[in-house]
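Note sheet for the following structure.
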Amino acid sequence: MKIAVIGGGSSYTPELIEGIILRATQIKADEIVLVDIEAGKEKLEIVGSLAKRMIKKSGLPITIELTFDRVKAITNADFVLTQFRVGGLDARASDERIPLKYDVIGQETVGPGGFAKALRTIPVILDICKEIEQYSNDAWLINFTNPAGIVTEAIHKYTSVKAIGLCNVPINMKQMTATILEVDRDNLNMSFAGLNHLVYATKVFVNGEDKMSTLIERIAEGRNMNMRNIHDAPWDKEFLQALNALPCPYHRYYYMMDEMLIEEKEAAELRGTRAEQVKVIEKGLFETYKNPNLDVKPKELEERGGSLYSEAAISLISSIVTNDHAIHTVNVPNNGTITDLPDNVVIEVSCTVNSEGPQPIQVGKLPPELNGLIQQIKAFEQLTIEAAVTGNKQKALLALTTNPFVPSSKVAKLLLDEILEVNQAYLPQFSMKALV
Amino acid sequence: MKIAVIGGGSSYTPELIEGIILRATQIKADEIVLVDIEAGKEKLEIVGSLAKRMIKKSGLPITIELTFDRVKAITNADFVLTQFRVGGLDARASDERIPLKYDVIGQETVGPGGFAKALRTIPVILDICKEIEQYSNDAWLINFTNPAGIVTEAIHKYTSVKAIGLCNVPINMKQMTATILEVDRDNLNMSFAGLNHLVYATKVFVNGEDKMSTLIERIAEGRNMNMRNIHDAPWDKEFLQALNALPCPYHRYYYMMDEMLIEEKEAAELRGTRAEQVKVIEKGLFETYKNPNLDVKPKELEERGGSLYSEAAISLISSIVTNDHAIHTVNVPNNGTITDLPDNVVIEVSCTVNSEGPQPIQVGKLPPELNGLIQQIKAFEQLTIEAAVTGNKQKALLALTTNPFVPSSKVAKLLLDEILEVNQAYLPQFSMKALV
Amino acid sequence: MKIAVIGGGSSYTPELIEGIILRATQIKADEIVLVDIEAGKEKLEIVGSLAKRMIKKSGLPITIELTFDRVKAITNADFVLTQFRVGGLDARASDERIPLKYDVIGQETVGPGGFAKALRTIPVILDICKEIEQYSNDAWLINFTNPAGIVTEAIHKYTSVKAIGLCNVPINMKQMTATILEVDRDNLNMSFAGLNHLVYATKVFVNGEDKMSTLIERIAEGRNMNMRNIHDAPWDKEFLQALNALPCPYHRYYYMMDEMLIEEKEAAELRGTRAEQVKVIEKGLFETYKNPNLDVKPKELEERGGSLYSEAAISLISSIVTNDHAIHTVNVPNNGTITDLPDNVVIEVSCTVNSEGPQPIQVGKLPPELNGLIQQIKAFEQLTIEAAVTGNKQKALLALTTNPFVPSSKVAKLLLDEILEVNQAYLPQFSMKALV
Amino acid sequence: MKIAVIGGGSSYTPELIEGIILRATQIKADEIVLVDIEAGKEKLEIVGSLAKRMIKKSGLPITIELTFDRVKAITNADFVLTQFRVGGLDARASDERIPLKYDVIGQETVGPGGFAKALRTIPVILDICKEIEQYSNDAWLINFTNPAGIVTEAIHKYTSVKAIGLCNVPINMKQMTATILEVDRDNLNMSFAGLNHLVYATKVFVNGEDKMSTLIERIAEGRNMNMRNIHDAPWDKEFLQALNALPCPYHRYYYMMDEMLIEEKEAAELRGTRAEQVKVIEKGLFETYKNPNLDVKPKELEERGGSLYSEAAISLISSIVTNDHAIHTVNVPNNGTITDLPDNVVIEVSCTVNSEGPQPIQVGKLPPELNGLIQQIKAFEQLTIEAAVTGNKQKALLALTTNPFVPSSKVAKLLLDEILEVNQAYLPQFSMKALV
């Protein structure tokens, strides 16, 4: 049992290692390979040393290997985990900054920021997938790389790799709901449907009883239903009651676009964008990791965000390994699950997971208040993927114009020009086109 | 052959009468009944007298009757035409003014303005349809009343009346295209698909040759592709080329939302909203109509807007009467024509028309750049209809939140409260709810 | 926790009681009510006494009540189980005999026999459902009554009862597959999709490995994959290999129509039809049940057929009660699960079951070799339901003509006339029509 | 304007020539090229000479060319017409004879006969299409070659040729309906939907009045609604009334399978199969054609069958050339027209035809009584095409098993073996497989 972690030098890796240790009896890993690019050598070594100390402390018979040879890492892997970031935090900072100039929300995973990240990431992930097809074609690819839904859809449209897109939003929504309703997470049935960072809990049941209205009431009273990296604008009670579904924290960007933009602009000025803040946190984290006596995941990592990521990933792997039919909310091809979306797009949906992977639970038709927004964002995602793969600027322009953050095709054009220029080093697909 | 015109006192009526005279040999009308509410008595008499003079001049054996008795007008009619406006131009002015307060586009047929107009209109049209079911159940209802797509969908969802929604936008797009391409309109094949005031020409052919790129180039050079009542913001050439379809003039509100809003706010301040301008025009028109020597449609009517409305309507009636299989773009139930929309929604689409009415020509799947926006607006329309019929404020709030002009659910709530208050006299369905 | 069993006097009841005893710790039943019609008094008393002795032996705190008052039985029930047979075995015998006269397969659940049974059963089940809506509207209805798919679809189309159609075919297919593949049933993942008595296992995996071809090979070699009541005509190896899916035992009637008909005709002559044989078995069973010392399910019941019925039912109830997310194959509304079937039809499909009931696992598009037959039979089923509910003879004629066993519309008419005449006492819906 | 006729030596050619002459002012042909294989040299010369005499008599400036060089014929053609028959009438005779041995209907276009003809024809038509793609890629291919629906679907699935499948059944149904209802064909609106040789008229209107029940009554009274080559078994009145749609003459094979089989077996014994009869007729026809004084289409051709073929083809070409938006019933890709069929299959449906070709008129969902049979046959057709293109025997076996004429998978296997053996010379795709 071999697990390869691409972007192994990430500050998240200790979280993953902890998860593997905690579920050791189920997933029975033998070998973990952390692979990164040479530019990330220092980080990889720091994180890799900490990982080795953690495993050593656990007493488990697991080997940790560090490498820059991606093919070697992938070869014969059972699971490949991707958590890399093309262009690093600098690129993320530009994703967050550029839109603000045009009075448009700047966020690393949605809107023009997510668009830019997708353009940079998709060519790299498709290269990785070609290697998986060749060197470990039966491996499961667990993709954490954002925008996770878009990236996973690109993989399914252009490769044969068995990829699952994973996000910590649904597991956190479930955890927070359990806290609010004061029940054990296992006794809570939540049905999730939508897209990555646009997922809704459409049903919330405890012991066969519908708890949606109780949950909504408590959230409207101020109970926490947010992620660390998102401004905690309060939800309007009457709106949530009308919706009769629980939107995810990222939905604030759509349903409170005006106040989120104002807050973002202020924050960018006063405290820097999220990427700029994370840079500082990361620096501190790596300092902490260096401590040769540290052999557990440090508390400070929780501030980084990414809460429950490891639990989501390792319990998913465990369900595949043990065939336990547990319910996980993951990103998979739609194939008719949400009736009104095309078969070949990727959705985020509750699945029962067995040794053949995630089996989506049927959703059917969504009500218009969910369907309208989901369709619009899915159109944006489809066009983004087509642009990322082909380097077609017309598709890129249509993608940005279709995004609800962008007020006009003219602003879309300005955004596109600046995104293409700033990210030139990471967008060979567009440069090549430019030559033609 | 009896034609009933509901809202017969409208300033548009002379246009209709002219059309009936010009196509007399095809449609062979015997009787035209102009019906209006008592409050519109003066207008009805002025317009009715002009209509009688026009018919007299034509020498045709057609009788014109004026009445306030709607049932009498409808009874045994072959065609019922609706061109009424609940609340008159004052209500329209408030539809245009209210949104502007919240930095939201105010327009009588789309966005919150169209929403308010739908709430006022749908209960009235459903009453009319109950009368048609009872007194002339085989009659064709040609609905001009805006928002024409939403109103026609409400009719098809809640009654069995054979209703066709008609708009002058497609026929004007075709006329302007013919002018731009310098061809006869009959030699021009254009395929239209979408929603009312959100329709695209997806194909433009002359003699089997694709003329889309030529057309786009000339529009980008400044050739006219607009309606009189819409600010003529120029289209971006690269965007149209990427779209490879011709958006309708109303699409400016979506694709150039920022500049359209700025212009609207300026115009409202300097020249008044469109309704306020139209009031002045209408006053002048009725003065003109009063002239007892006038027995033709006066030139001034063209300034009113509504270009080619009569031609669209009368040629449609003619196709039904003569079974000529001509192509008309009208609003009909989708029934699978656009694959990704529900069966029971109304779309605007090219149809071949015979004696059984319009038969939609298959569209299939639309590309994501068209589908995303159409789905979002259709969700808004479905919710608007549900709100208008049931008086359910939650559905109304969801409708407004779903509309792309509205930046947040909180602004939607403010808009809704003000719309419901200002229009209280016309919204019994909501008042009754309030009592419960 | 109250369980009502309609048709409680059935010879199957001891099987159910045994199941409830075996799963006592999970389902925690307090009260079991066996209800039957007065004509079945003797059987009800014999079976009821045995049930009481079985419970007594178990030492569990469960009461058994016998009644002819259906409303009383249903009131406040948590689960209602239906296993009645309108017209008894005599009606079944006629369902089997009539088609044979016309060289058409006669079987109680499929073809013209199943059609006749549906006509008799649907009006009764809809009456029961009206009572459930009134007296225990939150109860789960577990419907065993055949044709289980058609009956369950009628319930979902015409009532709001939470009904699940249950058949022992999938659980037996899984049990036999486990035996053939020499694995534990829990380690075997099988995906089922199709219609009741027309279900396919589309995937067979053990520990993540595809075992379909091994399974097919062994079945072709003669390993048992059949139900007791069906002639065991051997499957053609090349056909199964081409199909690459496991058809259910009832599929023999479609894929080997010629030899099944020949065998049926011979068997009817030599040994009587299945109903006629069952009559004899039942008589013996009730003699056995009468023994006052008998306090366990007698071995002889297994010969009756219906193997694993109780396990299927009780483990399903257990999953609802304990929210265990286990996989069950049951009959539920399609709602997009099989893409090419309408939303409102009932399908037989693998579901994950929690306290809100069965959640179907997405199937998507079926390949043409499965879709063609499923569509044809579903058309037959839809028409049968419409005929059963409305008493419309035209729909009945279309249903029979659509069935693949029936060689022509003229034979369909002869069959229909005879079925309506012979079953007149049970088909008030048609008699009433006749008066009109 | 160049028309290429592949299979130009066919006895039907004079019919085509007559049509071109009669519509000369609309279609304005300059050049007709008749191309055939060398083995058909004698026929080509006879027919070609007659065609030249016919044109000469007409005085039209059209040249007729005869050739064996298919590429030359295709190059720069505007329309390519295909009316060839791979294997000639001998192959057709075996298509008709083989099934009868197994008590299965033997017909050249449906059932196992149509299956065999598709296997022989599809590889040849795909070769022709490759030539069209290369040498006249903007040409319209009008495909008459049977099974026309299956062949046209293969073209659309595997090539980019603008192909229209044409059959004379709908035009004959319309002509016979006009005769029965005593109206002019132009005043008759009929909506056709289904598959080739499985098409239904779902609506029959005259002057806006529904005439379906009148038509059905008269057909039940014995008025003619049949084609010359099909046994004229009378329709059952109650069945047609229940169907409330007009089945095509070929539907007899499905709705009266029993009596059609009996008649076929008798006819084959007494008079020979249809192919065997046609051979005699053809011989006589060519004798007639040889007459150097003959310069018109001889009356005897009508006995050959194929009534109105020329009118169907030439009026279709005329609609494309003149952009007249007339209604034609042709075989085109579904693309959502019939909601419940896949997008990429070919259907036979009423279309409005303009210079861009046939635009299907939306059908939507079909009622179950039509949908069940259509789905089953479409499944058979899809599998047949896949078998014909790939030479995959498993798909071939599934195709035959899916066909309703075939009573079991075992009979399907026997049929398949015999069909592959007898047609070996024409089925290189299967022989090549055999070598693997």
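Order of writing sets the chain letters: A, B, C and D. Residues in each chain are counted from 1.
Following the convention adopted for this analysis, a residue touches a chain if its C-beta (ideal position, glycine included) is under 8 Å from a C-beta of that chain, and two chains touch if they have at least 3 such contacts.
Since the model is a prediction, treat every value here as computed from it, not as a measurement.
Listing every chain that touches chain B and chain C alike gives A, D.
Relative to chain A, the chain whose mean Cα position lies farthest away is D.
For this pair, chain C with chain D, the centres built from the Cα atoms lie 44 Å apart. If you average the Cα atoms of chain A and of chain D, the two centres end up 54 Å apart.
Residues of chain C in contact with two or more other chains: 365.
Contact annotation for chain pairs lists A-B, A-C, B-D, C-D, with touch applied as defined.
Listing the residues of chain C that touch chain D in their complex gives 236, 238-239, 241-243, 255-259, 340, 342, 365, 368-369, 371-373, 375-380, 382-383, 393-395, 397-398, 401-402, 404, 407-413. Residue ranges of chain A in contact with chain C, taken from their complex: 187, 189, 191, 203, 205, 207-208, 320, 323, 325-327, 335-337, 339, 343, 352, 354-356, 359-365.
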